[in-house]
Structures are given as C-alpha cells and as structure tokens.
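Next come the structures, one after another.
Below, chain A partners chain B and then partners chain C, in two separate complexes.
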Partner chain A sequence: MKTLAELVKSATGTTPLDCYQCGRCSAGCTQNVTEGMDMGPVRIMRLIQMEEAFKDQPETAAEYCDRVLTSDTIWMCASCQTCTQRCPQGIDIAGTMDVMRQTAIQRGKAAKSRRVYDIVSAHKAFINCIRRTGKNDEVALVGEYKMRTGNFLSDMNMAPQMMLKGKMSPFGAIGSALSLLKSGPADNVKHVFEAAEALRKEEEEQ
Partner chain B sequence: MSRIGVFICHCGENIGKTVDCARVAEEAKSFPGVVFARDNTYTCSEPGQAIIREAIKEHGLTAVVIGSCSPRMHESTFRRTCAQAGLNPYMCEIANLREQCSWVHSNREEATAKAIEIVRSVVARVRNNTPLDPIRVPITKKVMVVGGGIAGIQCALDLAEGGAEVVLVERTSSLGGHMSQLSETFPTLDCSQCILTPRMVDAASNPRIKLEMYTEVEKVDGYIGNFQVTLHRKARYVDWNKCTGCGACTQKCPQKKIPSSFDEGMSMRTAISIPFPQAVPSKPTIDKDYCMKLTTGKCGVCSKICKAGAIDYEQKDEHFTVDVGAIVMATGFQVMDTDKFPYYAGGSHPNLITGLQFERIASASGPTSGEIKRPSDGKPVKTIAFVQCAGSRDKANHVAYCSKICCMYTAKHATLFKHKVHDGNAWVMCMDVRTPGKGYDEFYRRTIEHDGVHYIRSRVSRIIPDGDDLILMVADTLDGGKQLQIKADMVVLATAAVPQPDVQKMAQTMGIAYDGDGWLTEVHPKLRPVETATAGIFLAGACSGPKDIPDTVSQASAVAAKVLGLFAHPELQREPTIARVNRCAPPLQSSCVGCFTCESVCPYKAIERETLRARDGSTRQVAKVNAGLCQGCGTCVATCPSKSIELDGYTDKQIFAALNGLV
Partner chain C sequence: MSATFAYYPGCSLQGTEKEYNTSLQLVAKALDHKLEEIPNWLCCGATSAHSINHALATALAGDTLAKAQDAGHSKILAPCAMCYSRLATTLHQIKSDPDKAASLEKALKREKGGLAEMRALSMLDWARELSDAEIQAPIKKKFKGLKIACYYGCLLVRPQKVTGVENAEIPQDMERVVRLLGAEPVSWTMATACCGASFSLSDKPSVFRLGRRVIESARKAGADAIIVACPMCHTNLDMRQTEFQAADERIPAIFITQLMGLAYGFSPKELGLEGNFVNTDAITAALAATEEG
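Our next item is the complex of A and B:
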C-alpha cells in the first residue's frame, strides 16, 4: 500500500515531506478558526511525514496514517487554497487534503462523528447530482442531502431569502423533474464517471 | 602664563536644551588663564573644529578646554584638531557637559550652574597640564603563530605573503589540526584533505615560515613589538634532518596496540608513528610512554631498520627563546567526550560515538576506509541516529552556549550516510536547527527534502543499550510531545565544542583574558573580534569560541591584516599617559624606597627594577615602569606608599587643581 506522502506526490506533484512546520497554513486557515478543526493542517503534514519515516515499522506507520484519515480536519477544509497560496515551501496543502479525503473514503476510514457524516453526505449528494443530471441542481442537491442526513429543518430559514434574491426557484422541484425527464443523465458526464472508475480500479490493482 | 581657550558645545539640543551654553562661555571668560571662550552648536563638525584651530592661532592659545560629550566620544577628535593647529594634543581637555550634566538633569538653571563648575574645574586642571610626547617603541618584525590547524596555517600563509617572518608553533608532529580529520566539509561537500593538504605543504615549504613542530609555548615575556617567547621542543627521538620519511620504522615497530588520537581512538598505531599518511612534515616521532626501548631498554627495532640512521634514543627536550613582535593564538578547540553523558547508554557504549569519530568512519582514509560500519562488531550500519546539542545549551549540566557547528555537521553526516547507505534510515534529534551561513540552510533542507533524513524536534532523554543496538527515548514536540522509541545500530552525539583544556594556563602566562567557559576573549565582540586586551596578541579561529571553517579562515586572514598593519610602522607610537617613577638628577636619584608594592599590584607586569648608584658608590634598587607594557591604569600610583609614582596626564597636581576648581 502506498504511503500518504506517495499518494500526495502523485496527485499534486508536491510533497508534505518538504514541510518545515512553520505553521503559516494553520495560522491563516479560515476553517481552523471558524470550524474548530481537531488539529491544524500543520499537524496533518507532520503526521504524513512521520508515517513516511516509520515506513519500515508497519504498525507505527499505520497508527500515523489512521490519525490523519480519521481526523475531522481533512473534512473541515473548505479547499479555499489560502494555505497552498501562502506555503513558503510550495506544498499543495489544499490538494493534500483532497487526497486525504479520497483515501479516507476509499479505505473506509472517514471519521464517524456527526459533523463529518454531514459533510460526507453533502459530498455524496453533490456527486450523485452530477452523475444523474450532468449538472448541479440546488433543489435536487438539497433534497438528497436532507434525505441522507435526516435533518430536514436545518437551514430552512434561508429558503425565503434565497427565493427573494432569485437564487432558488420556488418551482425548482418541478423544473428539476422536468429537466430530468427531458434530458436524462448526460452521456458525456457518464463517460467521465466511467473513466474515473476504470482509473481507480487500475490503481487498486497496482 | 597659560592662555586657555574654552569652547562650549550645544551638541544640537543634547546639551543646549538643558544648559545655557552662552552663559557658560561668558562665565568661563572670568576664570584665571582663560583668554577666549565661546559656544557653538556642533563643535565636532568640520566648521566647529575650524573655529578651534583659528582661535588657537589668533589668540596664541597654550591650552584648550572643550565642554562637550564624554571624552570617550570625541577626546581623540579634539586632540587631533589641536595638533593640526600646532598645539600639543595633551594640552586639550574635555569637560563632560553631556553624560555628566545635561542628560542627567532637567532643571536648566541648576544644570547651567553645574556646567559652569565643571568647566571651572577642567580649566584649573588644564593650567597644570604639561605637553606630552607619544612613546616610541621599536618593533621586531617577526610573528609567532601558536597552533598549526587551518587558522594557524592560513594566518601564517597570509603573513608570509605580506612579507612577515613567521614562526608556526604546533604541539603535535603534523600540521592540519581538526580539519585534517574531517571527511568532507559543509556545505559544498568537498573533501577536507583535498583542500587542506596543499595549504599544509605551502606552509611547510614557504621560506618565510619556520615550523616548530612537536613544540609548545612555555613562557611569554615582553610587550607589543618586543615579545620574548620561550618554546619547549619535546624530544622526538628521531633526527628529522636525517629521516627520509620512508615509514619502514612505523611498520616494523612491535608495539602496535596504541589508540590513534588522529583516528579518535578508532584505530591502532605503533609507538613510532606518523599521525596520518598526508602528514606535513611526513616524519615520525617516538611516543616515549609506549616505546619499549625507552621504557624497558629492550627493543631498538626501528634503529636497526632505519637506513638513514635517524633514530636517536638519546634525544633530549629543548628549551629556546624566540623574539617576536606579535603573537597569534590559533589554538583551536576540542569536542566533549561521550563519557560526559552517563544518561546516554552510560556514556561508554562502543556504538555511541562523537561527531569527530563519525568523521573518521566516513573518511576514505579512516579506520573503515569510508564504509559506515559500527565499532562493536563491524556490522554495516542500516539505521543511524544523530543526537544534537549533546552538552550544548545545557547550562544545568554542561555548557550554556550553542556550539554553532553541530547543526551543519550533523546535516552533513546524515547526508554522507544516506549517500553511502541508500537503503539506510537516518534520524536526527534536534532542538532547533541553526543554519546561518552562505548555502547552509539550503544544504540542511536538501538533507531532508532530497536525501530523506528524518528530523525529530526533541532532546533525547535517555539512550538505552539493547545488545549492540541502542534505543533512543524521544518525544516528537511537533506532535504534541508524543513519546517515541527509536532503535538504531549506531548513535552519533554532536558533543559540545569546548576550549583546549590547557589554554587557560597559557592565557595566564600571556596576560590575556578568557571567559567563564574558558574561551579566550576578544577586546570587543563586534568591532575588535581578533584582538586581545594585551596589545600585540591576536586571536584566530576557534580558540575564542566555536567556529566553522569559513569563519576561522576569515579570522585568520583578518589577524594577518592586523599584524601586517602593525608591522607597516617603522616603530610603535603609544599613548604617553603612563606611570612614571620619579627621578631627579644629578646624581640620578628617586624618592622610591624600593618596596615594590607596585610590582605586586601591576596587572600588566610593567614594573621593572633599576639599580641607582649614589655618589658614595652605594647602590640600591628602585622601581621603573616599562613604557611598552604600562597601560596607564594607575593602580601603582594609588598603592605607592612614598608617593613616588605619577601618571603622566593625571598627575596629583592636575587632579588637586581640578578638585580645587570645584570647591
């Protein structure tokens, strides 16, 4: 199994092993402040380094790997890229978080906390929406998200305002259903998903 | 009759804001002897100095008082100004109206009154000043460099290049010092021997450099320009003039089990030996503590094998004196031994080594021919751990200072290890990594980013032996202090750099200072980094504190420039403000009673004895001040029970007049 650092290297072309722990990413992280990550991105970098360092001691390495993949932090990241932009060592930190999220899902390690479950649900609702219609549809997205989380009433108070500002149509549900009937799943998008799936399988076999 | 000029400086607002300078100048006109007084905004400026020069000429001034800043600041400036106008510089005195008046007072009226009193006092003093002439001392244009490491070699080469005669004293039998033990040098990784040995050869073959090998400094007498140094040349038991350096003796010597100090005890040498193959001069010496012929009288193999007949068991130690004008201390440093660290595997585990020992292991000419094998069983090392700050930055147990070179040499060691053992694992335990220097941080980052060395920010608490392996107890402080145990085949301690153990004794005989850690101290750490408090003795390299090679070489060249600057003068001029034991003639007599209390209190060893002959032929010994050594501190003046010593420029008459001026 590839180490996290190797996965990041192949996905982003940069490596967390270059991190010298200055903490600039964490000092300026928008989510670190508002969402209260369980550890800053700087610690994620360190843990990835230590997994690599203990490569020849699989048990210790796995411990470090699990601490990264089961953390809330990787899910709290909003991919705003501020850290990547500021990193003095040129590490793609936001990209690293992406890789961590993918790996956590693939290895079934994602954190079991409520807030991570909500975030993962949003991710799944979004990607399913794209898979079905080939585009992002707010009503369909919100619908699936609510179904998955069972949290029907949260954020409801925002709906009237969004409608007033034209962000969401009150007839959105009908519109969505119509467009679904009309176009069906976009063929081109289907190809993209198939290609991605094939690539993943290929990687797994390696 | 004195004709005194008084110049009161406003120093911008520094004095002018608190002291009414115009009033001080006006008052000064009424003091006895004053013929001219005025105030000025900036007296030290070029126009301000021009006013002084013109006044001296116009009013025929015989003495000048400047009311300004501290004499430490501008006394030399104003004395030069007076000299330019033809006045003896020692007829110029400073009244300190800034540090001792305006800066420490706020009430303008009272400060002005005090300023007037200060000026009155200095005017009274200057009326008793006498013109003084600088003391002229001849210079011996030869310099002694103590220590044949890179500092001494570089300094000697630069001095010889500049035309000076050099005596290079080295206590071992080869030049090279610690640098010759190193495998490669940071940050460029060029081979240490390759860049050093040509310089060693240059130093040995330079006609202006005389090598004094296997020789130590015993005693230093004299003063700047005129030192007499007693050297002690230890018996080598080999006549180097006859020896061809063939090395046959070193191979046949039956006494083969002596730990080699060049290899830091990691290989064995014979009783007659050349320290390392590239040694300069490449001549053997016999270790009298181990040689069977010298200890038991039975052997003599080397004498039989030597075709040149160079072996001389009867050779004796020699003591001789050299006259030099300057001395350069380039005595270097040592590294702490592992036995200072009982908490690290008892301090004596065979696979627990110092950085210098690792240099020998990594060196192609070392005990393992450059292969990284551990000492206990010769097994190739796969996992290595480096422990930084072993002893350094540990004021409770060892030394408080940072040894400066360890971060870089540890990074270099780890890099060398990874270059030699591709599948190996290298760990570095550090507190901080300090890499200020050209290309240094880049080198350190390359160690991590390119060579994959793992750094853990932690101080190792203990090292536990596990058979031949060692287990390090650390805490990753970048991961909330998580405890880790790292198992390594070999551990390298970056032990603290410490002064040579006997350099303090030498410093005492020379009268130069050293600090609490034992490092020789410079006059000023920033502005006079290579000079000692004793004029004519200079410091190069690590004898004044841990230094890397670039810094050491820079200092060595800096010292060479200082010494050549000294030698550029036909003779030395020194401040004439020195002590003088009174004499009256004829016949030559003195009120000195010859108690020599002054001799015992003088910190500069400047008191000598002189024999005076009375008219009736009787003689007696009195004190005499050596003008070359006296620094004018005045301790003898205060001590003399018969009031026979005066400090020129600070005579009793001047001091009493100044005091009377105040009351």
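Our next item is the complex of A and C:
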C-alpha cells in the first residue's frame, strides 16, 4: 500500500515531506482559526511525514496514517486554497486534503462523527446527481441528501420562500423527485464515468 | 470591442441563481459580447468530485474543454467561480504535465489533441479584457455615494498559479469596475476570505460562522452592498444571510453583472433583483438620485 505522501506526490506533484512546520497554513486557515477543525493543516502535514518516517515499522506508520484519515479536519476543510496560496514551500495543501478525503473513503476510514457523516453524504448525493442526469439538480440533491442523512426538516423553512422567489418550481420539484428513481449513469454522462474509470486505473498502475 | 466566447453557464445559473445568467446575458449584449453556450455541457463536479473522486473531476472538466473545442472555440467564459476553478485547475495540470494531457485525451477517446491549449476565463479575466472606455460606453446612469464591498472569495483568485491573478491577497479587478460605474469601493478585510459556501447543504454551523465573518466585515467597513461573481457565494451571502443575520443587520449582496446592468439602464426586474432575499433598495436608490435622462 502506498504511503499518504506518495499518493499526494502522484496526484499533486508536490510533497508534504517538504513541510518545515512554519504554521502559515494553519494560521490562515478559515476553518482552523474559527475553531471548525479538530487540528489545523500543519498537523496533518506532520502526521503524513511521521507515517513516512516510520515506514519500516508498519504498525506505528499505520497509526499515524489513521490519525489523518479518521480526522474531522480533512472533511471540515473548505477547499478555500488559502493554505496552498501561502505555503512558502509550494506544497499543494488543499490538494493534499482532496487526496486524504478520497483515500479515507476508499479505505473505509472516514470519521464516524455526525458532521462528517453529513458532509460525506452530501458529496455522495452530489455525485449521484451527476450520474443520473449529468447535472446538479438542486432539488434532487437535497432530496437524496435528506434520505441519506435523515435531516428531513433542514431547509424546509426555505422552500416556500424559494418557490415565491421563482428559485424552485413545484413542477420542477416533482420532475427532480422522479429522477431519483433512475439508476446507472445517464446516456449523456456515461462516457465521462468511463473516462474517469480509465484515468483511475492508469493512476493505480503507476 | 466585439468578442465571442464559449459559454459555460453551469448548473447554478440554470437553477437557483438564474439571475446571474439573466444579468450577464444583458450586460454581455450591451458590450457586444457573444456568448455561445457549449452544446450538451455537463456539471463541473464542484467540490464533491474533486473531494472524493479526483478522476471524475478531471474527466468532467476534460469533457467541457473538449465540447468547447469541438464547437470551434478556444476561450471559455465560466461565470461560476467553481466551474471556472475546475476548468482552470485541470488546464493547469495538463499544461504543466504533457503526460497528464495525453492520459486525459486518451481516456476521453480523443485523437485530435490540443485540449491543453484551451483557455478558461473567470469573470475577473473577462473584466480585465475590457478597457475602461469599453466598460463605460453603455452607461446610462452612474451611481452616487454608493459604497461597495467587492467580495472575491476563494476560487476566483486562488491559487495564483492556477488563476494567474496579479495579486491574490488584495485583488482590485472588481474595484476598478465599481469605480467606473461611479460607486465607491470600500477597503475591508474579508474580500478574499472563504464564506463557507461548500457546506451550504451539509454543515450549517460552518456556513453561519464563515458567512457572518464576511457580512460583519463589510458592515464594519461601511459598505451599503456587497458584489459577488459566484453563484455559491451569492446563495450564501444572500439567502443564507437571512438565517444568520438579524433583520436590521443585513446587507444586500448582488452580482457584479447586476450592478453593471443597473448602470447600463436595465431595470431591477430585468436584472432579477427581486430574486434577492435581502432588500436591495439601497442600491437602486443610489442610482435614481443621479438620473441624467
């Protein structure tokens, strides 16, 4: 199994191993400074380095790796790119967060907290929307999100106002709800999912 | 100067933020810009695809680039900051690594190559291509005494290696437009802070916490209104604002194209201002005061 640093290197061309722990990423991270994270990006970088450093002691390495993959932080990251913009070592930190999220899902390690569950559910619902229609249908997205999370009441207060403002039509909503019954990629988007599969295989083989 | 772009409106501009599309279409026409919608375009994948399925994110962007290329274009205008960022990031990757360009083209089963030569334009790029005189030419009425906080958020400016902006910390592209329309840009601290829009559905505490910081900073700077160039920022700073700000502490957020459109003589109704949740009278009033007929 590849280390996290290796995965980041192949996806972003940069490596967390270059991090000298200046803390600039954490200091400017919107989520970190407003206490939305369990640890700042600087600690994620350190933990990735520790996994690499203990490569010859698999158990210890796995512990460091798990601390990254099971953290709330990787999901609370807003992908705002401030860290990547400011890192004096040119590390793609926001890109690192992407790799961590994807790896956490692939290895079944995503945190079990309620807020992470909601965030992961929203991502999955969004991708399913694209699979079914090729687009993000906001009503279908909210519908699937609610089914996945059981948050049935969230945003219901906004629906009447949104209809009033013409941002949502009752007929459109019915069409969107029906689209939830479809399965498998729609014809207009099949080739993109096939291309993604080809890209993924190629990356794996490298 | 007349110009033609491949137009990638994106999902939000066809859904809840359709006023951005309407106002952009009107303003583009006034500027003699032709927007040719990319045939059969698909979603960019947004935060979700790049967060959990990198290959899908790349393939979706590649599909859009390919469709624009096939329609005979080299420049794509993407008014949504998210769509723009997805295209620009993918272009950056395939431009700096020919192997990645080759794999993407192979995965999409394309023989002709050249995807890396396409260009994605954000609304900032678009504004930068317009001279002062061009921006001013269609003006019918100027604003007077209107203080504007220009909000850039994240993806229009960061990371700089992708967006190519001159200054990613204190950008001034929207300020220039605002001044040309007679309004006054304020100097404020949250112009490039994240508003938390990517959590709009999934984590309300983040939206409220980060959104409030932006609104409060604009109010402290004395702004009458905020302008944005991203549909997600708009949802967050307009509709969501009604959830996190007390009624007497709200400030309207409108699209840069709506502000331009008002000065160009289009009515608030044509520009979709009634779609706003926070009252926008402060903006339209500052315009009526200088009616020149």
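As a convention for this text, the second predicted complex is superposed on the first by the 164 of 206 C-alpha atoms of A that agree within 3 Å, B and C clash if a C-alpha of one lies under 4 Å from a C-alpha of the other, contacts with A are read in each partner's own complex, and residues count from 1 in each chain.
Everything below uses one rule, namely that a residue touches a chain if its C-beta (ideal position, glycine included) is under 8 Å from a C-beta of that chain, and two chains touch if they have at least 3 such contacts.
Everything numeric in this text was worked out from a predicted model, so none of it was measured.
Asks: Quick one: classify A:Ser113 as touching chain B (first), chain C (second), both or neither.
Replies: Neither chain B nor chain C is touched by A:Ser113.
Asks: Could you tell me if A:Ala195 is touching chain B, chain C, both of them or neither one (first, second, both, neither)?
Replies: Touch status of A:Ala195: second partner only.
Asks: Going by the contact rule stated at the top, is it chain B or chain C that touches a larger number of residues on chain A?
Replies: For chain A, the partner with the higher number of touched residues is C.
Asks: For A:Ser10 in the superposed arrangement: first (chain B), second (chain C), both or neither?
Replies: neither
Asks: So in the superposed three-chain picture, is A:Ser79 touching just chain B, just chain C, both, or none of them (first/second/both/neither)?
Replies: In the superposition, A:Ser79 touches chain C alone.
Asks: Spell out the residues on chain B that touch chain A in their complex, using ranges where they run on.
Replies: Of all residues in chain B, those touching chain A are 425, 427, 445, 448-449, 452, 454, 457, 476, 478-480.
Asks: Using the touch definition from the top, list the residues of chain A that touch chain C in their complex.
Replies: These residues of chain A touch chain C: 11, 13, 30-31, 34, 36, 76, 78-82, 84-85, 92, 94, 98-99, 101-102, 105, 115, 118-124, 126-127, 129-130, 134-138, 141-142, 145, 154-155, 158, 161-162, 165-168, 188-189, 191-200, 202-203.
Asks: Which bits of chain A are touching chain B when the two form their complex?
Replies: 17-18, 20-21, 43, 46-47, 49-50, 53, 56
Asks: For the complex, which residues does chain C have touching chain A?
Replies: Residue positions touching the partner: 11-12, 14-16, 18, 40, 42-43, 45-56, 58-60, 62-63, 96-97, 103-104, 106-109, 154-155, 158-160, 168-169, 192-194, 196, 198-199, 201-206, 209-210, 213, 239, 243, 274-275, 277.
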